[in-house]
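Common to both upcoming complexes is chain A, partnered first by chain B, then by chain C.
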Partner chain A sequence: MAVYDIELRHLVKEFGGAERGKRGYQVRAVDDVNLQIEQGEFFALLGPSGCGKTTTLRMIAGFEHPTSGEILISGRPVQNIPAFHRPVNTVFQDYALFPHMTVFQNVLFGLRMEGTPRTVAAQRVEEALDMVKLGHLAQRKPSQLSGGQQQRVALARALVKRPAVLLLDEPLGALDLKLRKEMQLELKTMQQRVGITFIFVTHDQEEAMTMANRIAVMHNGKVLQMGTARQIYEHPGTRFVADFIGETNFIEGDLVARQAGAGTVKLPDATLIEAQLPPDWSADSGTVTLAVRPERMGIVPEGEEADMPKMPLSVLTGMLVEMNYIGTDTRYTVRLFDRLDIAVREQNVDYEENYDFRVGQTVKIFFPLASASILHRD
Partner chain B sequence: MAPSSQSLNQSAGRAIEINTGRLQRDLLIRRIGKIGLYFNPVFSFFFLWAPIAVLVVFSFNESRSVATFTGITLDWYVNIFTGVLGAESAFSTELLLDSLSNSLIIGFITTLISTVIGTMVAMSLVRSDYPGKRLLDGVLYLPVVIPEITQGISLAVFFNMLFDYWNMLTGQRLYPGLHTVVIGHVAFTISFVAVVVRARLADMNPRLEEAARDLGANEWRTFREVTFPLLLPAIIAGGLLAFTLSLDDFLVTFFTAGSGTNTLPVFVYGLLKLTVTPEINAISTIMVVASTVLIGISLSLQGRNATRG
Partner chain C sequence: MLEARSRRRRTLGGVLLALPAILWLALFFLIPLGIMVVVSVLTRDASGAGVLPLTLEHYERVFGVFSPVLWRSIGISLVATLVCLVIGYPLAFFISTRQRQWVRQVCLFLVILPFWTNFLVRTYAWRVLLGDEGTINSILSATGLIQEPLQLLNTQFAVVVGLVYGFLPFMVLPIYASVERFDFRFVDAAHDLGANDLRAFLEVVFPLTLPGVFAGSALVFIPCVGAFVTPDLLGGTSGLMIGNLIQRQFGGSGNMPLGSALSVVMMVIVMLTLLAYVRFGTRRA
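After this line comes the complex of A and B, so read on.
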C-alpha cells in the first residue's frame, strides 16, 4: 500500500457532551473524514466557517484530540503523540509570533527546542529569513512589522524546522486584497521550491483554486468532494459544492430518460434538456436539480436565434428582468417559467456590437450539453 | 401598501425643513451636558482628595494646631526620626522603626506567597476545566467584597480555635504573631493577585502557547519561555498590589497580630488614641506617597498591551 504524507481514516471530532460531562449538548465538528495527501502536494481544505476544516487541521497539528479515527503522518499513527513531537509545523491565522522575542529569536525558537547546536541553528535561521526576504529585519520585534512581514516570519519560523508537512490555517486571511494576491503566488512558488507538503485551510474558493493542486470541499464536518480545481468547478457533485465554488444557476426538473453519462430532463414548461450525469448516478427517474454556470450560457433577443452557434444546444425562453454592466462582463437576469431567475454572464469583448437589450423583452438563453450537469442531493 | 412605506414614498424629493426652535433647544442641552461632563471629575476628585490634601498640607504646618496654618516647616518629619514627640506620648523612633520593619517583613513574605498562589489560581481558572470551576471563580472575588472587619474577626476566631485544638492534641501553647498576620494577609491578597493575572492571561492569545508546542516545546518549556514572560508584568503588578495592601492593612493585622506585634498602621493607630499630632500627619503623608508610587507602578504594568510584552 502506498505511504501518504498525511492520511486521515474515519476521523471524527465531537465537541461538548462527554468532554464537559453534560448530556444532550454535542456537536460533530468533523464527521468521518477520509483523506490521503501525497508527498509534495499543495492541498486545500475549503469550506464555509464552521465546516470543520480548521478542526481537521488542528487535529493533524495535535492541538485537538480526535474522538475517533486515525491520523497517519508518513504512515505512522500519531493521534497519541503530542503536538511537540509531531513532524508538522503550523502557520497560524494571526501568525502567533512571540511578542517578547525578536524576529531572529522567533525563528530560532523551534531549533532551540530541538537542541540544535547554536552555530548551526543561527545559520539555518539566517537561511530561512533570507528565503522570505526578511534577513535585514532580524532584530525587529513582531509589533514593528507589517502584516505581510509578520506572515513571512511565521512561515520562516515553521519552515526552519524542515517539517514533513506544513499546515497553514487561513494564512492570508488578515492581509488586504492586493497583498493577499501577491502572497498567494509567493506561497505557491515557495512550496514548489522547498517541496514540502502544504495543507492549507481557507474559506476563499478563488484562493484555493489559485494555489492548490487538490481541493477538498467540506461542509458540516464532511468532505463533500475532492479533486483538482477544474474537476470541482466543472463537475460539482452536489448542490452545495456547485453553489459554494463560483456562481451557479439551479433548475429543477424531472429525469425522463437516461443514456450513457447523460440524461434527459423535462423542465416545468415541458422543454427537454440534455445534461451530464455524475459517474455514480443510479436513479432512472425522479426530480433532479440541474446546474448551469452563468458564463457558460449565451443570450439573444427573440427572433435572433440565427445568431446562436451551430451546435447541439439547449434553448430556454424567458423574460429579461435585469441587466448590469460590470466592466469585464454584462450580467443578465432572465426569468424562466414566470418565477425562476437565472443569471447569464457574457464577456464584453465588443460591447458596442451587442444587441440592444431592453428590460422586459422576451429572450432566448442557450447552452451546450456539456455545460449542464445533474447534481446529487446534498 | 403599508402606511409607513407610503409616508416613505412621500418623503422622496420633498424640500428639507428644519425646526429651528427644536434645534436651538437640542443644542442648548448639548452645551449643558458638555459643561457638566467637564465639572464632574473636578467635584469627584475634590471629594476623593480634599481630606488627604489637608493631611499633607498640615504635615508641613508650623503650628501644632490643625485649625490655623502659620507657616511651612519640616520639624515634624525631623521629629519622627529623632524620637521627639508630644510630651505626653510614649513615642520613640525605635518603636516606629520596629513597626515599620515588621510591616516590611510581613509585606515581603505575603507578596511572595500570594503572588505564587495567586498566579497558580489564575492559571487554573483560565487554562483548565474542572467541575466547580465557575463556583471557585465567583468565590475568588469574596475577599475583595466582604467587609474587612469580618475577615479580621473570622481569622481571629479561626486561629483561636486552631491553637486550642493544637493545645489539646500536643499540650503545646501557640501564640499569634508575625506568622498569623502573614497568613491573614495572604488570605486576602491572593484574590487581588489572581484577578490581575487572570485578566492578562484571558487577554493572551492562546495561539501563542500552541505555537510554542507546535515548534517543539513541551508544557514546562512553553510556560517558561512563552507564558511566564508574557504574564510577568501582570504578576509584578499583582505582587505590588499585594505588597501595598499588606503594608496598609490595619483591620486584619489588628485581629491576627495578638499583643506585642505592631505594624506601622497599628502603631499609628496607637499614637492616634492619645492625640492627633502633626507627626502623625507626617508619617501618614509618607505612607500615602509610598503607596501611591507602588500602585502607580502596578497600574502602569497592568496597562501594558498584553500582546506586546
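After this line comes the complex of A and C, so read on.
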C-alpha cells in the first residue's frame, strides 16, 4: 500500500455537544473528510469561511482532537500524539510570532525545544533567515517588521525544523494585493526548492490555483471535489464548486438523451444543447443544471452567424441588456428566455474588428460541447 | 489657524478639568510633603515637635539603630509579594481562562468580596485563628499532632499571612487583565514548534503576562512596606515594621522629626519601587 505524507481517513470534528451540555447544540465542522497527499505536493484546502478547512488543518497540526477518524503522517497514526511531537510545522494566520523575542530568537525557538546544540542551531537559524532574505533583520523585534517580513519570519521559523509537512493557514491573508502576488510565486518557488509537502488553507480561489498542484474544495465540512486547478475549473462537479471557482453561468434544462460522456439538454425555449456529463453520472433524464464559463462563449449580432467558428456549437438567442468595457475584456450581459441573464466575456484582441453592439439588440451566443458541463446537485 | 485655536481650547479645557485634582494634590499632598521633608531635618524639642537648628541625626538613627526594622519591613513585604504572586498567578490564570463570561465575573466577585468587610475586623479574625488557644492550635492539639501550642501569633509569619490575605486581590486583578489579553495562539505556536505545556508557559505565556505580574507586585509591595495595622495586630515585637515606628513617633512617644525622617525613607523605597515598575513593568511587549 502506498505511503502518503498525509492521509486523512473519515475525519470528523464536532464542536459543542458534550462541551455545551444538554442543549444539544452541535456543529459538524469537519464531516467525513478523506484525503491522500503525496510527498512533495503543494496541496490547497479551499473553501469559504466556516467550511472546515482550518479545523482540518488544526487537526493535522494537533491543536484539535478529531471526534472520529484517523490522521496518518508518513503512514503513522498521530491522533494520540500531541502537537509538539508531530513532524509538522505551521505558518499561522497573522503569523503568531512571539512579540517578546527577536527574529533570531523566534526562529531559534523550535530548535531550542528539540535540544539542538547551540552552535548547530545558530547556524541553521542563519541559513533559514538567509533563505527568506532576512539575515540582516535577525536582531529586530517582530513589531518592527512589515507584514511581508513577518510572513517570511513565520516561514523560516517553521522550515528551520525541517518538518515532513508544512501547514499554512491563510498565509497571505494579511498582505496587500501586490505583495500577495509576489509571495504566491515565492512560496511556490521555495516549496519546489525545499521539496517539503505544503498544505495550505485559503478562501482565495485564484491563490489556490496559482500555487497548488492539487486543490480540495470544501463546503459545510465536506470535500466536494479534489483535483488539479484545471480539472476543477474545467469540470466542476457541483454547482457550489462551479460558482466558487471563477465566474459561471447556470442554465437549467431537461436531460433528454445521453451518449458516452455527454448529454443533450432541452432548454425552456426548446433549444437543444450538448454538454459534458461528470464521469460518475447515472440518471438518464430529469432536470439538470448546466454550467458555462463566460469566457468560453462567443457572441455575434443576429444575422452575423456566418462569423461563428466552423465547428459543432450550441447556439442560444437572447437580448443584449448590458455591455461593459473592462480593459482586457468586454463583458456582455445577455438575457435569455426574457428572464435569465448570462454573462459573456470576450477578449479585446483587435478593437477595429469588434462588432458595433447596441444594448437592446438581439444577439447569438455560442459555445462548443467542451465548454458546457452538467452538474451534480449539491 | 483654526486648528491651532481649537487645540489651544482643548488644552485649556484639559487644564480646567484637571484643576480640582491639581489643587487637591498641591494642598494636601505636595505642601504637607514639603513640610515633612523640612521637619525631618529639624531638632526635636521637649514637646516632640521640630525646631531649629537643622540636623541629620534622625537619618543617622533610621539607618543605624532602626535599620533592622527597615530591612525587616522590606523583607516581609518581599515575601508577602512573592507569596501573593505564587497564589495569585494560578488563580488569575484559572479565572481568566474560563469559557463563560458569567463564571469569570462570579470568580472576580469572590476575589473582591473580602473588601466588603472592614480591614481591621478581618485582621482581628486572624488573631482568633492564629492565637495560642486559637482555632488552628485547638484543632492541631485535639488531633494529637502537637502537645504544646505553636507560636503562630506575634511572629513575622503571622504578618506575612495577614498581608497576603489583605492584598491578594491587588495581585490577582492586574494578572487577570494580562492573561485575558493574552493571545492563546502563541501557545499553539509554541506547541507547534515542539514546546510542551511547561515550556510553553515558561517561555511564552509567563513572559507575555509579565506586565500584569509587575503591576500586581507593585500594588502589593507598596502598601505592604507602609503597613502598620497588620504588624501591629499580628506581629508583636518580632514582627514590628517601619509603619509601626512611624505611627509611634507621631503618637505617644512623640518624635515628629524622627517620624518624618522614617516617612521620607519609606517614601523613597516606594518611589524606587514605582520607578522599577515603570522601567521594567510597562515596557511594551
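Details
Keep in mind that, in the parts below, the second predicted complex is superposed on the first by the 377 of 378 C-alpha atoms of A that agree within 3 Å, B and C clash if a C-alpha of one lies under 4 Å from a C-alpha of the other, contacts with A are read in each partner's own complex, and residues count from 1 in each chain.
Heads up, the rule we're going with is that a contact is a pair of C-beta atoms (placed from the backbone, for glycine too) under 8 Å apart; a residue touches a chain by one contact, two chains touch by 3 or more.
Please read these numbers as outputs of a predicted model, since none were measured by experiment.
Overlay on chain A: chain B and chain C clash in the combined arrangement.
By the touch criterion defined above, A:Pro82 lies against chain B and chain C together after alignment on the C-alpha atoms of chain A.
Once the two complexes are overlaid on the shared chain, A:Ala164 sits clear of chain B and of chain C alike.
Contact with both chain B and chain C is seen for A:Glu114 once the two complexes are overlaid on the shared chain. Contact with neither chain B nor chain C is seen for A:Val300 once the two complexes are overlaid on the shared chain. Judged by the touch definition given at the top, the superposed model places A:Ala61 against both chain B and chain C. Of the two partner chains placed by superposition, chain B and chain C are both touched by A:Phe98.
Chain A uses residues 61-63, 82-85, 88-90, 92, 94, 96-100, 109-110, 113-114, 157-158, 161 to touch chain B in one structure and chain C in the other.
The touching residues of chain C, counted against chain A in their complex, run 183, 185-186, 188-196, 199, 203-204, 207-208, 285. Across the complex, chain B meets chain A through its residues 129, 131, 205, 207-208, 210-218, 221, 225-226, 229-230, 307-309. On the side of chain A, the complex with chain B involves touching residues 20-21, 61-63, 82-85, 88-90, 92-94, 96-100, 109-110, 113-114, 141, 143, 157-158, 161. The part of chain A that touches chain C in the complex is made up of residues 61-63, 82-85, 88-90, 92, 94, 96-100, 109-110, 113-114, 157-158, 161.
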